[in-house]
Amino acid sequence: MAKIGVFTCWCGENIARHIDVERVSKAIESLPGVHCSMNYKYMCSEPGQSLIIDQIKSLGLTGVVVASCSPHMHLKTFRAAAQLAGVNPYMVEMANIREQCSWVHADKEEATAKAIELIRISVEKLRHNRPLQPISVPITKKALVIGGGVAGIQAALDIAAAGHEVILVEKEPSVGGKMAGLSETFPTLDCSQCILTPRMVEVNQHPKIRLMTYSEVEKVEGYIGNFSVTIRQKARYVDVNKCTGCGTCWNGCPNKRIPNSFDFNLGNRTAIYIPFPQAVPARPVIDSSRCIHFKNGKCGICEKNCAAGAINFNDEDKLITEEVGAVVVATGYQLYSIGKEQSNPNLSGYGEYGYGKYKDVIDSLQFERLISASGPTGGEPKRPSDGRVPQKIVFIQCVGSRDNAKGVSYCSKICCMYTAKHTMLYKHKVHDGEAHVFYMDIRSGGKKYDEFVRRAIEQDGALYHRGRVSKITEEEIDGVRKLVVRGADTLTGKPVTVEADMVVLACAMAPTDGATALAQKLSVGYDEYGFLSESHPKLRPVETNSAGVFLCGACQGPKDIPESVAQASAAAAKVLVMFSQDHLTREPEIAHVDESLCAACCACVQACPYEAISIEEIVDRKGNHVKNTSRVNPGLCMGCGTCVAVCPSKSIDLEGFTEEEVYAEIESLLS
Amino acid sequence: MSETQSQLVADVEKLAHTQVNDCYQCGKCTAGCPRGDVMDIGPTRLIRLVQTGEVLEAARAESVWQCVSCLTCSTRCPKSVNISGVIDALRQISVEKRISAKRFNKTVLFQKEFLRNIRRNGRTNELELVVAWKLLGLASDLNPLAALRDAQLGPKMFFRHKLHFMPGSPVKDKAVVRRIFDRCMAERKSETEE
Amino acid sequence: MEKTNTDQTFEPKIIAFVCNWCTYLGADLAGTNRLEYPANIRIIRLPCTGRIDFNLVIKAFEVGADAVLVSGCHPGDCHYNAGNYHARRRWILFRELLEVLGIETERIHFSWISAAEGAKFQKFVTEIVDKTRALGPYRGYQSITHESEER
Amino acid sequence: MGTTEFGYYPGCALHGSSNDYEQSVRACLDRLDVRLTELEDWICCGATAAHSINQKLATALPARNLAIAEKAGCGSLLAPCPMCSMELLKAKQAITSDPAVRDEMSEIVELPVIGSTDVVNLIQVFQAIGLDAIKSKVTDSLDRFRPACYYGCLLTRPPKTLRFDDCEHPSSMETFLAELGAEPVDWNFKTECCGAGMTLCDPDTVTDLAHKIIANARKHGANVIVTACPMCQMNLDMRQADVEKKFEETFDMPILYLSDLVGLALGISEEELGINRHYVKLQI
């Protein structure tokens, strides 16, 4: 038999001015199950809480209804108070008579009547509540970091530095990501590789970090604290343990003219290769789609030359399963493709800029390689078509970015800065060269950022035109192929035509191609462009709505290196907070199945946004099949209740919002 | 912005089926415009004038009539603003309010004559048009030689059977064409049919 | 609430099913901002609109609701990723079913109201109360059950 | 190959100063067993004048023609003039996307119109006939021609209304002519405007624009410019003498219709196609 205490709060004048609390208390007294009904000026205050505790203890109450403010304000407070007095915290309900009654209804009669009904709803629900126990989940204190760019490296090193094991998965043969290919970085112009390569070496050597390059996450199962991850380690055809990285193999490979994707196809590599000299691990892979041996079984020069005997043409992909407690996603970005072909069908390319048609129209990452000392031209800006050093370069900003007609409406944030950097680096190398920039707005918020852009204009003489470019064509002018760039300067209001030797397009940052597929495996949301969604844009910027999965770097949205690194450390900190405990406590308001009723129709399995429900077999003691049933994984269930709504037999129910409880609430409103 | 100005902006947007505030003044329309280099007020600034309520100033611009209606601007606009539609709307307003740029009186008169010609015949009668054009030229141009410039093309075209005295096959139901014109013109207080 | 037949004094009973993370907080915000609206609404708080089985809606009519309101997070904003999409999909099916059953669909109102949309909540409730007042008391449910009992 | 049928909207130009285009189109399609049924009592599409002076008229005039086509049960309507074609498609788009416009237009033009007719340009007609069918009738190779295919403004713009080819780098004419043995050149003014709309009002503008186009075609090795637009053809052809005078350059660049070149491949004579009536003589 329920013994319910109802405590109505005045909230000073906030409730009492518009609601006759005395009348409310009186009216409630006679409700079934109500044992006592009292009111007080401030229920949330120390004396208010003491009043509740005392009443529980002296009257032996089994449940409490507090009629006061929104449960979002004080439900936790009153649950804690009840627990102190020995009542299960889930036997506490609140009636919201402030935000949803006294503050919005001026008529005292109406408000009082409504308050009584609101409390009646809560009392009826409480009469059907049952005590719940918080769920305790053990934590595997090992983290998976997906993506070995600067963000992933930072996150991995931070977590490892705290003494926890980390698996760092990178799909390319080397860690380093996009940053490893950059020339110099804004606003300090320090060499990108000089900063990054020591960190790359560190992840490789750290005893707590298991580095898995040339690998991709295949499958993720489990839940916060207890993920089971399957990683595909792609066949490398080189035994990394035997290999010494001496370079005999790639120096001897006869197949030398394969476009190197690390150089965005501006330079070449061999069939057995390391993507760049500072690659970590400094172990090659064989590109089986291009290797002569895989075509006709011949050649095999690398195998013959390898003193360590590390070449293994029979190597196969391996699937490796790892148990981890937390996942950090750091899959980074790629550039929006300005050619006709788009990986995202909602985007369209820039036919008017002739990318792919004109060799000397390149994108910003290609330009980074052209001016990088480790790039295909050794840092000399030679144009791809004929190797001439360009005397005039046009840089175009906002290509893709802020261009709704092409399908991208966002600002990519970093292009203003790197374009200014590009003009500087170019002018430092070609002193008499001309650098023209077409821009719409200059967005250079950040420490020493605007000063940097001004320096490009004032000291290095970059000529900025405020306007977009409409069309680029290629013409031979006085025997030299020129790109005729037709732009405008909206500040003069006139069209501007520049005959350039090269055009660099500052393309929008887009999420990497596989990011959304990975997000689906992890039950992480993403936006229409494929950027992964954080849990809250202000207060939970590195968490996701999938518990135990964190984000950092450009997979979440365009950002520069400092921001990516800061976010990576933040994600690491969140992982470490998790790992500081041995067990996780989770709210028990989750779904459960009455397995005797369940017909295993799978409606709930399909409806569940968290893949928390699976179909399991029930067997008798002898191991004979009895029936199938759905079963909820308490670690994965987030308690949305969608399964309850779709269950035809009502054999699944949501604790805290059970069918019985909700129907009781509605029935209390019977007139 | 005054109420009159807001109404004019709304009128332009309605005629052009576009939202001028979508424009963020990137200049791509001016950049690609084949006449951008000779216009007094380029397309980007025309849109800006409309955004700020200065529709009449925009409608007075010479550029409104320098536009060759090639649609390059609207096609490449990153915000899908129908710029050529706005220019058409400005043309219509400039004609209705009799404020079109003086230098382009002839062009305006020609467009009107073209429509009158269709209204009369259902199809264009090119000879009538060319003659009207020449007459307009003599009447409005201070330099009669300039007006005669194209006269030499007349005999050439005629010789090549290109210029017809009558339309190939005249429209039978000319009355319906007139009624269509009257219905379309009726709701706007237009001075096109003076 | 007493129901009477005269329109001047008819106070409709409106039952609202709202999600805990968006619309419930939107209603709280209306309170914080002291945005007044008619006192006819009773809110049942649920974790997500995805939890709303439409039997609940029918149940609401059974206990005498004159209108029912269902509201959750905006599409794409669901606290649980996709619960509101489920609700919307079910609603499309359910609507036809209601029509077959003879329940007036204009008495069911579906909306997205976020935690930031206190004013929208106020406006929505006010409009529904006005509309329902104009429609008069809902006797449809009783007549349906009455008919089936007679059979 | 059986006979293919298309409705036919010639437009004023083809019945006027560009009747050589009509002659060429008819000769060429006749040889390919395509029957054209001219719309009964069609009226002018309104052209630039209508959309400069009254937007409603600019929809109503083409809408009347669409209504006539629908009444005649015409499924596909060939409008060889891209201006007409574009105006018809613009009206069709307005009618099909807004029932209110549809009803209003039906009332204004005194005939019901729902926008069910497909409006096609000349290239689409050739594509519909099919390369194989055309090649089977080819008698002469076009290998002496290095055409610069000129699309002008309105064959591809506005792209969302026309939905034809790539609006920045169209290639349908090139693909086609290459199959017939010609060697199309890659050039940069395929979709630039020749200023035809201003041919009477602003001859200076027109000569400037025409000069850029002809000069670029020559620079890229073309010996003929091919177009599917009567205004472009007339403008580049008739104004070429002015261009040569103003810029003190000699071009002698013949400006042919697409149907002229296809016709030549089919063995039709220059006279039958009306090529002899062009200003710049074809001497290739």
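Each chain carries a letter (A, B, C and D) given by its place in the written order, and its residues are counted from 1.
By our rule, a contact is a pair of C-beta atoms (placed from the backbone, for glycine too) under 8 Å apart; a residue touches a chain by one contact, two chains touch by 3 or more.
Bear in mind that the values here come from a model prediction, so they are computed numbers and not experimental data.
Between A-B and B-D, more C-beta contact pairs join the chains of B-D. Distance between chain centres (mean CA atoms), chain B to chain C: 55 Å.
Work out the mean CA point of chain A and of chain B, and you get 53 Å between them.
We define each chain's centre as the mean of its Cα atoms; on that basis chain C and chain D are separated by 59 Å. Averaging Cα coordinates per chain places chain B and chain D 22 Å apart.
Within chain B, residues 72 each touch two or more of the remaining chains. Touching two or more other chains at once are residues 167 of chain D. Contacts between chains, counted with the stated touch criterion, involve the pairs A-B, A-C, A-D, B-D.
Contact residues on chain B toward chain D in their complex (touch as defined above): 15-16, 34-35, 38, 65-66, 68-72, 74-75, 88-89, 91-92, 95, 104, 106-107, 110-112, 114-115, 118, 122-124, 126, 130, 133, 149-150, 153, 156-157, 160-164, 167-169, 171-173, 176-177, 179-181, 183-185, 187-188, 190, 192.
Only residues 352, 398, 402-406, 440, 466-471, 486-490, 493-496 of chain A touch chain B when the two sit together in their complex.
Across the complex, chain A is touched by residues 1, 3, 13, 15, 24-25, 27-28, 30-32, 34-39, 42-48, 50-54, 56, 59-60, 63-65, 79-83, 86-87, 90, 122 of chain C. Residue ranges of chain A in contact with chain D, taken from their complex: 340, 351-352, 354, 357, 471, 473-476, 484. Across the complex, chain A meets chain C through its residues 70-72, 96, 98-101, 103-107, 110-111, 113-114, 117-118, 121, 523, 525, 545, 589, 607, 609-610, 638-642, 644-646, 654, 656-657, 659, 662-663, 665-667, 669-671.
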